[in-house]
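One chain, chain A, appears in both complexes that follow, with chain B as partner in the first and chain C in the second.
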Partner chain A sequence: MTVPLIDIAGLEVGFTSRDGVTLPILRGVDLRLEPGETLGLVGESGSGKSTLALAALGHLRQGLRVLAGQVRFRGQDVFALPPHRLSALRGGSLALIPQNAGQALTPTMRIGAQVAEALRLHATCAPADIPGRVVQLLARVRLPTPEAIARRFPHELSGGQQQRVAIAMALAGEPAALLLDEPTTGLDVTTQAHILELLRALAAESGTTMLYVSHDLGAVARVCDRIAVMYAGEVVQEGPATHLLRTPRHPYARALLAAIPRIAEARIPAALEGRPPMPGATGPGCAFAPRCTLAAPVCQTHRPAPAATEDGTVRCHRASETAQPLPEAQPLAATAPGEAVLSVQDLAVSYASPGPLAQLVGRPAGGVAQVADIRLEVHAGETLALVGESGSGKSSILKAIAGLLPPAAGRISLPSGPLAAAVDHRRPDEVRRIQLVFQNPDESLNPHHTIADILAQPLRLYHRLAGPALRARAAALLEEVRLGAHHLDRLPAQLSGGEKQRVAIARALAAEPALLLCDEPTSALDVSVQAAVLALLARLRRERGIAILFVAHDLAVVRAIADRVAVLYQGRLCEIGPAEAVYRRAAHPYTEALLGAVLEPEPGWQPRLLGHDMVERGPPARGCPFQNRCHRHLGPVCNEQAPPAHELPGGHVVRCHIPPA
Partner chain B sequence: MLAYALRRTLLGLITVALVSAMIFFAVEALPGDACTAVLQRDAHGQRLENCRREMGLDRPATARYLDWVGGAIRGDLGASAGSGKAITELVGARLANTLLLAGLSMAVGVPLALLLGVVTALARDRAPDLVLSTVAILAMTIPEFVTATLLIFTFSVWLGWVPGIVLASADAPISTLFPTIWLPVAVLTMVMTAHILRTVRSSMIDVMEGDFVQMARLKGVPAWRVVWRHALPSALLPAINVVALTVAWLLGGVVVVEKVFNYPGLGRFMVDSITERDLPVVQGLALVVASAYVGVNLAADLLALLLDPRLRTARLRA
Partner chain C sequence: MKALLRRPSGAIGLVLVAVHVAIAVTAPWIVPHDARAISAALMFSPPDAAHWLGTDHLGRDILTRTMLGGRQALLVTAIATPLAVAWGGMLGMYLGLAGGQRDDVAMRLVDALLSLPWILKMLLMIVTFGAAPQVLVPVLAFFYGVPVIRIARAATQGVVARDYVLAARARGHGRFSIILREVLPNVRDALMVEGAMRWSWMLLAFSSLSFLGFGVAPPTPDWGLMIADSRSFLAIAPWAALAPVAALSSLIIGINLTADALAKALGLDRAHSAPQ
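Up next is the complex of A and B:
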């Protein structure tokens, strides 16, 4: 038997808490990677997957240490290597592609200098050849104009370009293995799809071994042959990607797959109740037992050992009984849309601020508005989703509606009449009707206020409640978002991410709004928690008849919850219509490109990459906003004339020069 | 980039112009003027009027302000009310002394502070950090005159290595000042090093925890190079502003230190002129010190621009 390239055996990593107790982060992890293999490491936040990947590089975050076991690279224990040997290994035969390349590249060094540094440290090329090699590497990761890119600073590149630079840097030492730590998290869908195709091509070209860490099963399914699922610092199931995705054996792997919304149908996926255990809080039994629907008495008392299956391992006492279909997702109940609760007419937003002189003479800012010609209506009891990539203006539109960003033009009105531009000039009742739920509940809830204080503010302000009535109403609101009244006196820090987002939703509900503006409300949450928040929003819409304007970049999430979808590119509406129609047959080329780039956690799923992967700094001055990336570009007409609006049945409007068939 | 530098310079000039107006009219608003100060008890009747006519004080304030500013631009701040000497000359000699003191303190203090700041950050919460940080806090909190007195006691009274006070006149050549200047330099260096060290330490700790520093390490970059090439340029940015403030403080005259060591610098000159109510000198000095403040801060902004490419693009676009 050959020596595996990476051999992780019985690895336990932990830290010592303030009261002197040793708490494990990784618990008995065994993984082997043979040369040329691609292994995906998936799990939710806190599962220890990133710690494991960095441990493979012989790196532990401050405070962590190896409690037992070892990590061998080509038979050598990386934690026993002297510093200079470890430095030679890192970035040499074993290279890391980091999460968020934007922060992983040194801001004060030019791209070329950073790639050259990696070459000088690890490659065997003559100093005189380095500049040429830098350009070659940048070209290899398919960066346009590599010479120009080499002279730039990291902040002058787009997120996708930064990630490509990080890949080029990792390739400099011609590594035998690549460790990828969430390499596409935070990138737009189309960019992500392009980066993943690049990684697949690299793996195929040079037979590089990959350890791919991600929470995104779709991305992992696209790149990896094998998948290991982690939960509470353990690998709970490991096996070939095809089998694991089709017939997961471990109840956690099953629940995780069931919690992922799919693009094919409008269904709210099944949520996973509870939360993962804190380090050290796992008890003698199976770590997943408290959340497991199949848990038996033995699961509470004995920790299951990894058992070999036909093609992998699974850590479960009841693995033989789980070979049944996955829990079903709930179809989204259709509701009859009520009256319009919000109407937006010809909204435009511009970020260009006029210079001091222009301000004096009252001249408006020049240039092209970032958001223009937005026309939409939201009806009671419906969810309208605004989708688009970063820079599509979806959040700007939300802010303009909320009165946080003064529009450059256009009218925003409630049934009672037009709204003032700034929230300060709106009447309290108007403000009450429109409430916001932000992306990140860690930042939208004041960490020094208890949940009761947070909920009390809108109740006092809009409903003049006080004393016991106030507290009773706050408790009722918590019940409504499926949190107990015992949370009232806690601080946000004592709640999990999903619970905090429920509190944020409860705070919005306290005002009894007609319209809920949700700005990526689930993108900071783990998938299992996301499913629960989506179910909550769908229920509120159905039971209370609240209208929801839902901003998201994840098309599968939008598919799960939206009745209607508006697709935005560069602040312009490309297409708006019933979700069913838009997803079944995308009429606009941009919608087509977006849907084509979606990755489903299905074995053999093939994305269709359409259009160019490029980032535009701003909308073009004339013609169609999508002209520079369009794969169905017709010619001068697209660059010269604004596309006409074609009306299809069911209020489906497409703005494109190509008439929809 | 150049446009930004020019715009900042222009803004700096506008600031100096506004400050000059405030100085002039604030002095104007004081009860009495240069003549009442000079003549003291005799400041009445014909003598006062004659004096005012001689010094041009009978003309309207705005006209005198414009004259003063026009002179200042040509490098002429008028004459001292007391001695009648040209203010430019009086200030010039002391400014040179102050620059010497400040320059030496900076030349020693800034590199020392950067070095120690990095050392303390890297050895965070370990012995070198604890010792150096404690010393730094002591240096910051003990008043300068106490440090100065202790140094004089140790090095001139007890050991007798250097003179305890400066006996040179304001226009003495550098060669006369040099041997006597080391104790004041030591006191100033201690205080400024402590301030800059603390800033460098905390910003270096922040930067060292950043993703790009971890990435550089995991790329196999040797430890010293991670610090020098990847972390330090970013960590210096907050330090630049503190250095600028310290320099401005040094130029503005470190009155207490100058007084203790009898050093003929700007600070002492300012205090003496105020005591003597030599208003033209006070006015001129204030203008010089304010310009130095603006100049130093402008230099700091431009330096930050050089160090941080992100700032460069952001400012350019703005």
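Up next is the complex of A and C:
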């Protein structure tokens, strides 16, 4: 057998807490990376996957130190290397591609100059050859017109293009291995799919070894040959991607896979209860035992050792008993939609504010509105999802409905009548009926308030409750979201991400709303927790008849929960209709592109890439909003005329020049 | 508070401030001599057993006068500081939340006020209204509240974009309720530190006014006045100037150390706090 490129043996990394206790972050990690291999490192936040990836580079975050074990790169212990050898290794033989490449690029330097700098530092190429090599590298990451890109500044590129430049810079030193830390997180689905295809192609072309860190099993499934699942600083299962995805042996890997919503059917995935232990909070037994459905007495007392099986290694006492199908997902119960609780007519939102002169003359702002011609209705007891990539205007529509962003045109009305544009001018009862749930509960819950204070605010404001009655109602609300009264006196920081989001939902419920506006309510959460929040929303819709307007970019999540779907591009509606119809027979080219880019954690899953990822600077003044990226572009008619609305049975409306089949 | 005392600078600062306040409160009953007793025989006598810190050009006991000399300054500034932080803080939070034209106009006014040298503003007020404590308190509170507006506004702007403020607005809470419930808890720490800093600057301003002859009127003992009086005799009786200088500086150092430790304990001073 050859010498592995990276050999991590018995690695323990930890830090010393204020009380002088040593707390481990990584616990006995063994991992080998052979040349030319692509290994995916997956796990929830806090599982230690990023720490492990950085340790492979010989880097530890401040305060961390190696407690035991070693990391060998081509047989050399990287932590024993002197600083100058280590920095030659990084960037030269090992290159890191971070999550936010846009922030890693210097904003005041042209792309070409930045790539040239990487070449000068790490490559042995003559100064005269550098300009040529820059263009070569940019072409290698499939950037169109590399000569033109080299002359641009980072802000002139899209997020996907910036990420490609980061990859080009990492390739400058012809590294033996690439370390990718969540390289596509934060990118749009279609862009992500394109970047992953590029990485696959690079690995196939030049045999570059890759260590790919991600929380997204779908992305990992697409790129990696082998997968290692991490939990509480341990690798709990490691093996070939096909086996691990099809028959996961470790209960945690099974639960993680089961928690991922799938695009094929409207089902709420099975949630994984509990949360991962804090560093140092693991007992003598298996770290996963408290959340494991298969836990036996031995799991509480003895830490399982990694055991080799025919397909990789598993750290579980009961691995032999777990080769069963995954837990079933719950089908989404259909509800009969009631009356319309909200109707939006010809809504438009514009961020351009008129200049001082135009203000004097009283002329409206020029330019094209960011959001225009939005027409939709939400009915009691139904979930309408707004889907689209960043810049599609989905959050702006939500804010306009909530009265936080005055629309440039259009009418938003409740059954009781039209609503004022600004929330300050709406009647208290109108405000009460529409409640918001934000994306990130860390942002939407004031860190200085206890949970009781947070829930008390709407209860006092809308229901004039006080004293014991208020506390009893707050406790009842927590019950409703499956939390207990013992949470009342805690601060948000003492809760997990999923618990915080449930508090945010309880706060919205306190108003007894008719409509819940959810702005990406699960995208800041781990998959295991996401499933529980989706189940909660589905239950509220069913039991209380609440209407939900659900904004998301993740099509699998939308599939799990939505009755109807509205697809948005550049602030314009492309397609709206029953979820079943939209997912089965996507009629609009953009819906097709979005659905094609979805990655499922299935071995051999092939995304269908249509069109290309490119920068859109804003909606075009005329014609179809999707004209620049459309793969079924008809010709001048698409650029000149606004697409007509075709009505299909079941309230399915498609706005496209191509008549739906 | 515990976190404050655990830091050496916080402990030293707090002790200094506490000793000064204790002396100022109890001074009338514990001073060894009459602060106003003039004696030609005792003129410029160096420190000895009867007069621990010596006497000044009128033969008055320096220790007595130093102990009493901070009372006016501490009283006036102790009332003016909370007033300054309160009005500056409230207005700053309001402007940070309201934004728009109101904010623009108010902040240009703040810039204009801050661009004038403080001594000019103070003298103008004193010439117009006199230098009695009931004038100095509102005047100091007004001028020293102006920079607080900036701090509170900046801290508020960091919070208004947060979703919890947006959530409160979406629920239909009023501006005042949002300031009190959502903004204040996040701005409070910055205001506390700012208040401590303002206090030390106010003390310095008050003593400077006395030094220039615009503050406390003789023969009332006051540090600024004492420094001014003994300045001409520095060569023959340095102790007369040294005692009030030491008293004033130790109080100001004490307040600054406390403010510094407070900022670190509250995590406002990111540059020095350990990474998470």
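Criterion: the second predicted complex is superposed on the first by the 660 of 661 C-alpha atoms of A that agree within 3 Å, B and C clash if a C-alpha of one lies under 4 Å from a C-alpha of the other, contacts with A are read in each partner's own complex, and residues count from 1 in each chain.
One rule holds for everything that comes next: a residue touches a chain if its C-beta (ideal position, glycine included) is under 8 Å from a C-beta of that chain, and two chains touch if they have at least 3 such contacts.
Computed from a prediction, not measured in an experiment: that's the story for all the values here.
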Evaluate whether chain B and chain C can sit on chain A together after superposition, giving fit or clash.
-> fit
Contacts of A:421 with chain B and chain C, given as first, second, both or neither | neither
Using the touch definition from the top, say if A:440 reaches chain B (first), chain C (second), both or neither.
-> second
Check: chain B-chain A-chain C angle from CA centres, nearest 10 degrees, reads 30
Would you check which partner chain A:458 touches, where first means chain B only, second means chain C only, and both and neither mean what they say?
-> second
Can A:295 be said to touch chain B (first), chain C (second), both, or neither?
-> neither
Check whether A:117 is in contact with chain B, with chain C, with both or with neither, and answer first, second, both or neither.
-> first
First (chain B), second (chain C), both or neither touched by A:307 = neither
Distance of closest approach, chain C and chain B, by C-alpha atoms in Å | 5
State the interface residues of chain C toward chain A in the complex, per the touch definition above.
-> 162-164, 166-173, 181-182, 185-186, 274-275
Could you please specify the touching residues of chain A with respect to chain C in the complex?
-> 61-63, 402-404, 423-424, 426, 428, 431-432, 434-436, 438-440, 443-449, 457-458, 461-462, 507, 511
Chain B partner contacts - residues on chain A that touch it in the complex | 54, 57, 59, 83, 87-92, 95-96, 98, 100, 103-109, 117-118, 121-122, 153, 155-156, 166, 169, 173
In the complex, go through chain B and note every residue touching chain A.
-> 210-223, 229-230, 233-234, 307-310, 313
